[in-house]
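Next up is a structure, given as structure tokens.
Chain naming follows the written order as A, B and C, and within any one chain the residues start at number 1.
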């Protein structure tokens, strides 16, 4: 655990020194939050809507977020273009398959991006990742309503099958690269009373991945930082509901440091 | 009044138990607020932009919000599709004709949706509803600048003519199903210093309508809950302007309960 | 200086009396913040996405914001249409060339709008304005990374070459109409930890320009009001990071008055 938090803290320091440009093709509902949180953790967010500049902007980026939360046919094409440019350049690409399993358009868009881009990291709830891993699950709107296999197994299967880093978020978070699997237990119940916390985590994960070679560890770092910031935010006596919690969460992301991470991180590496 | 608050409280309880999926085709400027407030009151928000999944997502929903605040030709088509699916399924559809009367595109889009979908509830300011009810009024941008008939009469005429529930918001709010008309006096001046409070109310009203058979009573419930939450938010000593008020308002929506509603509701049924 | 703050305070009073309708064709990432800040300073925001109503809505407006932060080809056409309508009517048009210099699409869109609309005010960071003034500079994403000439000279050259009011924002802000050049030193470091503060300033500047004949002075007024509100926000003991700062900033914009402006304004007119 000490070894893990040391890596996280070095990653955080590097991220803040480099200020990586994170290109977002993301959920329009929460894009303002994603942009702000990218800035707060130390990155520089950018978002584009025009197909004509997707390639040029992606080629400038140090990381790319692809989130299908508010997909259209054109936007999926742009995601594939941006993803390919980033992959060729060797910068990390994350896919969040929001609502895969809820509508057929989302399921097939997620599969197309997985196949054609070959993303580095896929991050979703248990339902979404199960559907893509070929495991029975129910997704209603953008919420996971139940899966037929334990998340710890789903995450490993997904990672192994696609040779990527897979992340499943929920009350407990899971990260796997197909061999090593990690469990992160930080967080707070208010996170589920807010829209788009998963999307915000996409931004933080990609920012860490741009600063850390090991994409599993970058994902673990993002989950721990986000969860710890949530715990610290909830300790604020001014927090009386999800909106005041959100304000404090963003402040805490900005103020997170190695000390706090070491003290509060609840990370476990699974023995197989 | 006791009878009314009892119905509201039962509706709130049912809403929170069921967690209805509320599909939004809404104003992009405030969609994040609408999504969060849907979650805070107890629903599950979803938003789609792609015509290819409108029908599928609408068929999963327990309520549909149609708000033309940032309409395009394509988006209006999607609204009509989603509205028809919901109507066939028997789940409530609400229309907010934002800016009807300000531009000809908005007026005709609102009329088309009214005619083709046959919505359950229409909710707007006095100017917007007057224009659609064929009464002289002035709308500038998205604001009502004056009408030639009292809102209490406009709301009743609109409801009777279209055989729907009509809601007019303002310093005083009005609800009518053409026969019974209600007046709600809860609220706070800061609500008018914030963008999109009307749109947020669309979400809350539709969430209540998914849990309450009586669409008039669901509309009254939403107005009372929103207005009471605003009053409670303004009592917070930390509130020093509209932004801190907004944070508190969202917290209060999350924390609203039957006790607070009973103590503060200012609802009146008009005798005719 | 006393003469300048007197003009600002008269402008603020006029702005609040008139409540000008400010039409926004702006960055979608921060449009909610722009709308709220327009309302807080005393204007009435409106936003449209449909080409069919651009002209009609622009003809109702008292000021128009054109911001290419999330441009598409269609949106640029709408900006040109809205800008031309406003110019013919004599109401102020502001251009924020977000990311000019970062991608070729942004540079050429900004140039087209400048040429075809003939905007009243152009406002950007040092990199963006330099690129448009034909001076060597580097823009990464939406951030200025360095220019080959002092901002005070860039702003004057831009204004003189295009016969417009030019504004460069940064730690120090600059305004010039080609003859007179002003320096504004108000502000706070947290502003750069938030997304879209430049876009918010577009809204405030256009609102002031709708109330003040002298577009340079309107720009100076907006910079001073925004910077002073930021300073006052940062004094709030509840502010612990950029998110709580943002809440306070918006409250302070709403609560700004002549007294605070006179006490804190740091404005200097350059002698040439």
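Throughout what follows, a residue touches a chain if its C-beta (ideal position, glycine included) is under 8 Å from a C-beta of that chain, and two chains touch if they have at least 3 such contacts.
Because the structure is predicted, anything quoted here is derived from the model rather than measured.
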Shared interface partners, meaning chains that touch chain A and chain B: C
Turning angle required so that chain A lies on chain C, C-alpha fit (0 to 180°, nearest 5): 120
Chain B and chain C: spacing of chain centres that average the CA atoms, whole Å: 34
For chain C, residues that touch 2 or more chains besides their own: 28, 32, 238, 247
Contact footprint of chain A on chain C as seen in their complex: 28-30, 32-33, 70-73, 99, 102-106, 140-143, 193-196, 238, 240-244, 247
Partner chain A, residues of chain B touching it in the complex: 21, 23, 28, 31-32, 35-36, 39-40, 44-50, 52-53, 56-57, 60-61, 238, 246-252, 254-255
